[in-house]
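What follows is a set of structures to go through.
Two complexes, one shared chain (chain A), two partners (chain B, chain C).
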Partner chain A sequence: MFHSRAEALALALPAAVFAAVVFLAPVVILLAEGFRNAEGWSVAAYTGFLSDPLNRTVFLRTLRLGATVTVVAAVIGYAAAFAIVNLPPTAKGRMIGLVVLPLMISPVARTYAWIVILGRTGIVNQALTSVGLTDEPIRFLFTETAVFVGLLQLFLPLMILALISALENMPKDAIPAARVLGANWFQVFWKVILPLTKEGLVIGGTLVFTGSLTAYITPAILGGSKVLMLETLLFQRVTVANDFVSASVIAFILIVMSFAANLLLKRLATARSKR
Partner chain B sequence: MKNIMLASSALLLIGTTAASAQEKTLTISVYGFAQDAFKELVYDPFEAKCGCNLVVETGNSVERLAKMEANKANPVVDMAVVSMADALSATRSGLIEKIDTSKLSNFDKLYDIAKDPNGDGMSVGYTFYATSIVYRSDKVEITSWADLLGDKLAGHVALPNVTTNQGPPTLYMIGEALGQNTPDLKAAIAAVGEKKDDIVTFYVKSSQLVQLMQQEEIWAAPIGRFSWEGFTKMDLPIKWATPKEGQTGGMNVMVLAKDSKNQDLALQFMDFWLSTEIQTALAEKLVDSPANKEVKVSPEIAENLTYGEETVRNLKLIPSAVALDNREAWLSEWNAKVGQ
Partner chain C sequence: MNSRLFPVVVLFLVTAFLIGPFFIIVAASVSGGETLAFPPQGLSLKWVAKVFQVESFRESFAMSMLLAIGGTGAALVLGIPASYALSRYRLPFGETIRTVVALPIIVPGIIVGLALLRYLVVPFRFNITLALFLAHTALVLPYAVRVVSASLNNLRSDIEEAAVLLGSSRAGAFFRVVMPNIRSGILAAFILGFVTSFNQVPVSLFLSGPGVRTLPIDMLSYMEITYDPSVAALSALLAFMSIGIVFIAERFLGFSRYV
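The block that comes next holds the complex of A and B.
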């Protein structure tokens, strides 16, 4: 298509320069801040950050919530995606539309809705009290449970969509073949569906996990300062303490966590298919 | 934001074409709140009066002070409004200058506590607010700051986070109620830490509280008087407590940037803002409670403000030096006892 490689590179140059100047350079400058102290290069900011028990609690909470949301999203996602893929075309289109619909509503509005739903007088507590499961309304707001529910609702569609496309690319006769050969449903899932859709799971898992790590609005509104996560802590460091060093430490930790999650998921996927 | 952009692009144009016309420009640094009202009531009338340009920078006080510090050698801002404690911090970093109050014709009209809040002649108060407890009078009766941590409110109370403006004053008064009010707020923070499971949330934005109150999530919370109006509009029995330890609060002050080239103009602007006319206009729109004691407003307006000699005299404010010297310690004490 192009006369030479040089020409192609020349065409890509403006975009590359733009990205380097307005994205890459500021990120590098910001992150470098975390690796310096008065004497020069140092990891003191990192060791200092992780030696504070509060920061460790927040880090572990972020990791734990991200992992649980991802696992639960995968379980629900497989069930939903499997049901949707097997629908006739019109119904399938409508269901996919319903899955996508929440993505078109602002996360702020969706998160505020949870405040009403999960509140003391909200429908969850009303249902629980009327069934007699509890006498006193349960406090959900400003707990990890609330943040978990909010994040799961926020990112589940991404998992379902990734799994739908993976399931659609699976050979149609793989499941009947396994059944004919005597596999039960659990074996079908574990030995046939999972290996054949692992790429979808890796994509969905990475999206959900990184999404949960970096979402700000949901933990800020549903968790507040009692359920600090790394991203809400980052915001607090910058706006309250004007402490850009800790903020860049947190930003770097979040980036590393996202890459690590992606690598780990890919690793798990290849390990399974070798068996 | 739009105003700033317009103002700064207008400035650019003037800078290139009419620099020789010597149009004077005053740059002020203010809180981002109620800017539409300020433009209409303060900025536009002042521009018309002085025949100068007003450039307005907004933001929270931490970032605005950081900016002033960064531009210390060549100040951009001529005049700023900050909290009392931040004014002392700016004094200590050498960012601001003594205010020549003889040039402020409205100075004598100010309440005494606003005249020289930090006792160093570096700032003048222009508004203040009371902080007390808003509560559901059908559920509880509140007579003391200690009631916030009492059994009746367990599971039904929100407290301000220590990082907010209401946080330290609330802890200060809880300490007062416990009879152990030391500047490090240790006793109060420990008491809150012990009861942290009974606190619904440690709020960061008071706007959130109206919804929590409406949903019966909380029955009480300490707030600044400027947030009171939103609570009165609810269809619930809501009261403003007058605890026996008194009410606390905060004051915002005006400061003059060091080495500013427009000091006279900055002083004119301060004087304008402190005038009875402007302070009355701001009070009537419920933007700021007046620091000028000549301001007279109707009882309905006064209800939503921190107003009147009596109220003002009884405010227990945290001294700026105490706030400034202990801020970091409060935060780490809070993180250790409450934050986890």
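The block that comes next holds the complex of A and C.
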């Protein structure tokens, strides 16, 4: 090669140093703060945080929403990706474009649409009242359901795109072969499609799950202070109570959960393939 | 269900779920009424016009544009040489560098914003706009490295070796042989970075001060005090802007293979 290694390293270092100083160092200091008290290292902040029932509720709710959004996105994602992969080339390209498009639109704008749809005078309530199913508008906003729907709409494209590329890489004759040999559609999915696309499922699942865990905009707009998730709780603790210790604890929990989700999904993928 | 009908139904429902809300925002923003409603009460462009009259929207739009263009530019200036070194050489600590540069995508943005506020802005009286700029640059860096690396990996390295053997300097070979060949990758990285930065909320949440606010943050706080359709109108305008950018990018670059 032409460059010396030192020269090549000099090209890569500015970016690495920048990320380390601007990003890594402040975050590490912030996380360390949660493990310290007046006497030195301690986990008192964590036991204190988890002993508050409100914090526990928010923690469990975040986990529950993350898991349900991921599972539902995977189910819808498989159906949609399978349908898209089997389209003729032009239609397939257009359909992928339609799936990518929402990712480019501001999440604030996308979430705001649900206020128009689910609000007191929104479409759903108007439809329900005009049919006579309800006399009073039903409260959809500021419920867990609203946050769930918002998160699903936000992150479903990531799952679909991951599954499309997984399905495209699958051997074309695997499904017809299984069908000829007498497998029903359920068996085809469970024994052929799922094992062959599990890497795509892991990528999509990690993106959707961590995205939902760390979402701020959706719970802020559609959940408000009634349906707090970890990020909105963090924001509230800092702005209302100047409570940086709780913020550090929440930050650590979020990072650990993101990494754990990634590892767990990878483990699940390899465990299935060994059989 | 009929096996030919099933995919059509699935695609229709998924498209309606993903794209439908966008049409509803557009419809709500041309409403003549005073409050947010669908179907719109009469047609009027008054809320679209109002968007351009709200001064804070104008200021925060300019701020978001500045951050998105400047931050993405800075991320590319850092990211292109790094991607080049990482894709062409086996560097000592290469994997570590790759991980550090990719980290901002994994760690939640709200934590980055809070950490910068607490350890940079407050103790050193650091300028908030500058802190925002640094945060957005760090945020875009992983995308810049990923997309540029992908197009470098698709480019054979022997053509630059040929250029050097024929007497070009190393820098000359990079700018005259490599750069023209990865131009569309760089452009795709710029567009992806621009959109990511422009739409970013969590990083900017804590990094706002008097007169310093990004557009999405401004929209969030405007939403809390008023319930008129101007946010819908602004959302629709932003969505049209994104669609325009993506459409042009797809037309000329085949953008979706980079996402």
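Everything below uses one rule, namely that the second predicted complex is superposed on the first by the 255 of 275 C-alpha atoms of A that agree within 3 Å, B and C clash if a C-alpha of one lies under 4 Å from a C-alpha of the other, contacts with A are read in each partner's own complex, and residues count from 1 in each chain.
Here is the rule we use: a contact is a pair of C-beta atoms (placed from the backbone, for glycine too) under 8 Å apart; a residue touches a chain by one contact, two chains touch by 3 or more.
It should be emphasised that the depicted structure is a prediction, and the values quoted were computed from it without experimental measurement.
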Query - Which of chain B and chain C A:P53 touches, first, second, both or neither - result: first
Report task. Could you tell me if A:N86 is touching chain B, chain C, both of them or neither one (first, second, both, neither)? Result -> second
Query raised in the report: Looking at the overlay, what does A:L201 touch: chain B (first), chain C (second), both, or neither?
Result: neither
Requested in this report: Classify the contacts of A:A146 with the two partner chains as first (chain B alone), second (chain C alone), both, or neither.
Outcome: neither
Query raised in the report: Which of the two partners, first being chain B and second being chain C, lies in contact with A:I253: first, second, both, or neither?
Result: neither
Query raised in the report: Of the two partner chains, chain B (first) and chain C (second), which one does A:L63 touch, if any: first, second, both, or neither?
Result: neither
**Report entry** Of chain B and chain C, the chain that contacts the larger number of chain A residues
**Finding:** C
**Report entry** Partner chain(s) touched by A:G122 [first = chain B, second = chain C, both, neither]
**Finding:** both
**Report entry** Contact residues common to both interfaces of chain A (with chain B and with chain C)
**Finding:** 115-116, 119, 121-122
Report summary line: Note: in the complex, chain A contacts chain B through residues 52-54, 57, 115-116, 119-122, 139, 141-142, 224-226, 228, 236, 239-242
Query raised in the report: Which of the residues in chain C come into contact with chain A in the complex?
Result: 6-8, 10-11, 14-15, 17-19, 21-22, 24-25, 28, 35-38, 78-79, 81-82, 84-86, 88-89, 91-92, 94, 96-97, 100-101, 103-104, 106-112, 114-116, 118-120, 134-135, 137-138, 141, 145, 161, 164, 170, 195, 198-199, 201-202, 205-206, 216, 219-220, 223, 231-232, 234-236, 238-239, 242-243, 245-246, 250, 255-256, 259
Report task. Spell out the part of chain B that touches chain A in their complex, as residue ranges. Result -> 60, 62-63, 66, 155, 161, 163, 196, 199-204, 211, 215-217, 331, 335-336, 339-340
**Report entry** Touching residues on chain A, where the partner in the complex is chain C
**Finding:** 1-3, 5, 8-9, 11-16, 18-20, 22-27, 29-30, 76, 79-80, 82-84, 86-87, 95-110, 112-117, 119, 121-123, 126, 153, 156-157, 160-161, 210, 214, 216-217, 220-221, 231, 234-235, 238, 244, 247, 251, 254-255, 258-259
